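Here chain A shows up in two complexes: once beside chain B, once beside chain C.
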Partner chain A sequence: MRLQKYVALAASQIKVDMAYTAWYWASMFSVTMRLFILYFFWQAVYENKTDVSGISLSMMLTYAVLATMLDQFRGGAGRELAHLIKHGGVAVELLRPYHLLDKLLAQDIGTKTSTFFRSTLPLLVIAMLFIGVDPPTSLESVFAFSISVILAILLATLIDLLVGVLSFYTVNVWGLSVLQEAVITIMSGAIIPLTLFPEWFQTISLYLPFASLVYVPVAIYTGGIDASSIWSSILIQLAWVVAFFLFVRLLFAYAVRKVTVFGG
Partner chain B sequence: MSQSAIEVHDLVKHYQILERDAGLKGAIKALFSRKYRIKEAVKGIDLSIAPGERVGYIGFNGAGKSTTIKMLAGVLRPDAGSVRVFGIDPHEDRIQNARQIGAVFGQRTQLFWDIPVRESFDLLREIYEVPRSEFDETVAWFIEQLQLELLLDVPVRQLSLGQKMRCELAAAFLHRPRVVYLDEPTIGLDIDIKETIRAFIREISDAWGTTVILTTHDMQDIEEVCDRVIVLDEGRIIYDDRIETLKQTFNNERTLEITLDEGTTFTIPPSVTGVVTELASETDTIQLAFNHHEISSGQLIREIVNCNQVKDLSVVVPKMETLIRNLYQPEVSA
Partner chain C sequence: MKRYTKLYWLYAKNHFKVMMEYRMDFLIGVLSVFGQQFAALFFLSIVFQHIESLNGWGFYEILFIYGIAFLGRAVHHIFFDNLWTIGWQYIRTGNLDRILMRPESAVPNRRRTGSTRRVRSTLDWGERTMARLE
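Up next, the complex of A and B:
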C-alpha cells in the first residue's frame, strides 16, 4: 500500500473543508454556546457546594470544556459511506484502486485535522480566557492524554464506519445513527463524567467501548483516572481500536459481495 | 495465441426485488413479512473482446447493459459465470483491476464535487500513481482535444453538463487504462459536444490501443466510434458482429416514399409486383420497401412514374437506428 495517495486525499479534504465558511462559523457559534451553557449550568450546581462526589468546580469545568472539544471529533466517515451507498456513488468508489475504508479514513483525518486547527484551538483559547481550564497535573499526563485523544478519535471514526457499513444491508441507516448518537452522547461521558452515574451504570460502561471515546482521555487529563491506571486504560482503548478496525474490515469485505447499485 | 482483453463465460446476475403492496397498509405489511421477487438481469452471456477493439453495447432500457458493465468493472459480483479482464477477475481482485480500467457512468460524477477540475485531475494522478511527466503530457493532450483550458479552475459543481462530461471523459483516460467502460457518455449533450467526445474516444483508443466498451441509445455514437456492435435484449445477446457486416446485411434495403396528386389512386406497375413491398400507407403517401440489389432505384422510379400521377418522391436509405430495430423484429425487414 502506498501511503502517498492517502495523504493526497487527506490534504484535498482539508481544502474542501476550507471552502465551506458559512458552515464553519455556524459550528463555531454552536460549540461556543454549548460551552457557555455548560459553564452556567455547573456554576448553578456548585453555588452552595465546594465539591460534587469529590470533584471541584474548576475540575468539573475543565472536564466539561475538554469533553465538549473532543465530542466535536465524533464520526463523519460513516455518514459519508452511508450517503455513498444510498445514492449509488459507491459504484464509482469501487472502481478506484484504493480500499474504500482507507480512503474514508484518510478524508476523515483531513477533516479532523482542519477541525483541530480551525475550531478546537480557537475555542480552547476562548475557554481558557472566559471559563478556565486547569493546567495539566504532570508532563506524563499531557503525553498520555495526547495518545489517548488520538485513540479516542480513531475509535469514534471506526464506530461510525461500522454503522455506515451496515447501510449496505439496510440502505437507510438514519434510525441506527440516531441511536448511535444518543448512546454515545450519554455513555461516552461527553456530557457529565461517568463517575457521577450510579455504580451499576459505571460497571456496564467498563465493558463497553464508549467510555474510551471521551471519558478516558479527559479523565486522564483532569486526574479522574489516577496515575497508576492511566496506561492500562490506554491499553483498553487500543484493544477497542484494533477490535473495531478488524470487525469493520471483515464486515465490509463481506458486504461488498452483496452490493446492489441503485439507479442504473 | 494472443490474450483477449475481456473474456466472459456464461455470465449471470439476478437481483432480489422487495415486493410491497401499495399504500400504508402495504408498507406495514412489509415490516413483518418480506416477499422477494427474483429478477434475472443477465441470463448467460459469452463475450470475447480483443485488445483495442471498440464495442458498442446496446439494448433497450433494462436489457442488462449497465449490469453487465458493472460486473466487467468489478463493482457487482456475478451470480454465476466468469469474467476476466486481461486475466484478472475484476470482482475478486477489484483493486488490482481498478488500475487498468477507466469508466464514465453517465449519471454519476467521478470527479471530486467541491474542488476545481485541475485539482481533481491531480488527485487522480496520486490515486492511480501516475508518474508526473507522463501525467503532464496526457493532460496537455486532453486539454487540446477536449478544449478544457477554460474549465480547469472551475469547481466541478459549477460546470454545465457538456463541460462536466468532457472533464469526466478526460478523468477516465488520465491513467492510460487498458480498458474503458463508457456508460451513456453522450446522454443529453448537444451535437457539437457529442462530436468532440466521439473524436476524442477514437483518437485516444487508436493512439494507446485502449479497448472501449460503449453503451448508448444514440446510434450515431456507435456508427462513428465502434467497430463492433453487440445487441442485448432481456439479458441475452441477440446480435454480435462487426459493424460493417451489420451494414452490409441491410445495405441494400431502401424505402421509396411517394406522394400522389390529390384525388388519384395508386397502382403498382405489374413489372415490379413481387419485388417491392407496400408498407403502411396513408391516402396520399405510399411507402414501398425494396431491395437495391433486386431493382435499382432509378428503374423502380421510372416504372412508378409511368403509371401514377406523382407529386413528390424520395428514396430513404436506412439509418443505423432502423438496422438495429430490424434486429429486434427480423420479420419486418424480410
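Up next, the complex of A and C:
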C-alpha cells in the first residue's frame, strides 16, 4: 500500500477547502455562535447552583467548548461516498488503481486537518479568551486526551463511512444521514455530558459506540472519567474503531460485488 | 402569480414522487426527524431535572418558546429550505445555468425543488408542542 498517493489526495483536498473562503468564514461564525449560545445557556443554568451533578460551571464550560469543537469533525467521507453512489460516479472510482475507501479516508483526513488549523485552533483561542477553558487535570490526561481525540475522530469518520456504504442499498442516503445526525448528537455527549442523563440512558450508551465519539475524550480532559478508567475507555474506543473498520470493509466488499454483478 | 403557484405545486408533487421512490429511506428520514424533536425535548427535560428555573423561565415556559421558535422554523423550511443549497449544489456544479435558461424566473423554481421532508414532521411537532402547553 503506497502511502504517497493517499497523502497527495489529502493535500489536494486541503487545497479545495481553502478555495472557498466565504464558506470558511460562515462556518467559523456559526460555530462561534454555537459556542456562545452554549456559554450563555450554562451561565443561566448555573445561576442558582454551584454544581450540577458534581460538575462545576467552569468544568461544564470547558466540556461544552471541547465537545463543540470535536463535534466539527463528524465526517464527510460517508457523504462523499453516498454522493458518488447516487450519481453513478462510483462505477468510475471502482476502476481506479486505489481502494475507494482508502481514498475517501485520505480525503477526509485532508479535510479534517485543514478544519483543525483553520477553525479549531482559532476557536480555541477565542474560547480561552472569552469563555474560559480549564487547564487539564494532569499531564497523563493530556496525553490520553490526544490519543482519545484521534480515535474519536477516526470512529466518527468510520461511522459516517458506514452510512455511506449503506447507501449502496438504499441509494438515497438522506434518511440514514438524518438518523445518524440525530442519534450522534444526543448520544455522543456533544451537547451535554453523558453523566447528566438518567441511569437507564447511561447504561444503554455503555454498549453503543457513540459515547466514544465525544464524551470519552472530553471527559478524559475534564476529569469526568477518573484516572483509573481512562485507559480502559481508550481501549473500548480502539475496539470500536477496529470493529467498525472491519465491518465497513466487509460490507463494502460485499456491496461492490453485488453492484458489479448487476452491471452497476 | 397564479402560474407560479401552479408550477410550485407541480414541482412539489414531483419531488414527493422522487422521495417516495426511495420509500424506505424516506420513512427512515421522517422518523429520524421526529427522533430529533424527541431528542431536543429529552434534552430539555433532562436539564430541568437538575434545575428549577432557567433565568426565571420554568420548564413549560421554555417548552413554549421552543414550540414557537420551531413552528416558525418549520414554516420557513416549507418554503425556503432549499435556497441555501444554491451555492454548492447549483453554482458549483454548473446546474444554475440550466435553471436560468428556463422560461420562468429562477427563484421560485429553486424554492420548491428541495426538501419537503422536514416540513410535515417539524410543523406537526411544533404545533403539537404548542398544543400540549395550552
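Assume the second predicted complex is superposed on the first by the 259 of 264 C-alpha atoms of A that agree within 3 Å, B and C clash if a C-alpha of one lies under 4 Å from a C-alpha of the other, contacts with A are read in each partner's own complex, and residues count from 1 in each chain.
We take it that a contact is a pair of C-beta atoms (placed from the backbone, for glycine too) under 8 Å apart; a residue touches a chain by one contact, two chains touch by 3 or more.
Model, not experiment: these values are computed from the prediction.
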| item | value |
| --- | --- |
| Superposition on chain A - do chain B and chain C clash or fit | fit |
| Partner chain in contact with A:Thr185 - chain B first, chain C second, else both or neither | second |
| Contacts of A:Val45 with chain B and chain C, given as first, second, both or neither | second |
| Partner chain(s) touched by A:Leu139 [first = chain B, second = chain C, both, neither] | neither |
| Partner chain(s) touched by A:Arg257 [first = chain B, second = chain C, both, neither] | first |
| Partner chain in contact with A:Ser12 - chain B first, chain C second, else both or neither | first |
| Chain B versus chain C as contact partner of A:Ala91, first or second or both or neither | first |
| Superposed arrangement (fit on chain A Cα atoms) - minimum chain B/chain C Cα distance in Å | 6 |
| Touching both chain C and chain B, counted on chain A across the two superposed complexes | none |
| For the chain B and chain A complex, residues of the former touching the latter | 15, 66, 70, 73-77, 91, 94-96, 98-99, 101, 103, 105, 107-110, 112, 114-115, 119, 122-123, 126-129, 155, 183 |
| Complex contact set, residues of chain C against chain A | 19, 21-22, 24-33, 35-36, 39, 42-43, 46-47, 49-55, 87, 117 |
| Chain A - residues contacting chain B, complex | 2, 4-5, 8-9, 12, 15-16, 19, 88-89, 91-92, 94-99, 256-261, 263-264 |
| Complex interface listing, chain A residues touching chain C | 23, 44-45, 47-49, 52-53, 170-176, 178-179, 181-183, 185-186, 191-192, 196-198 |
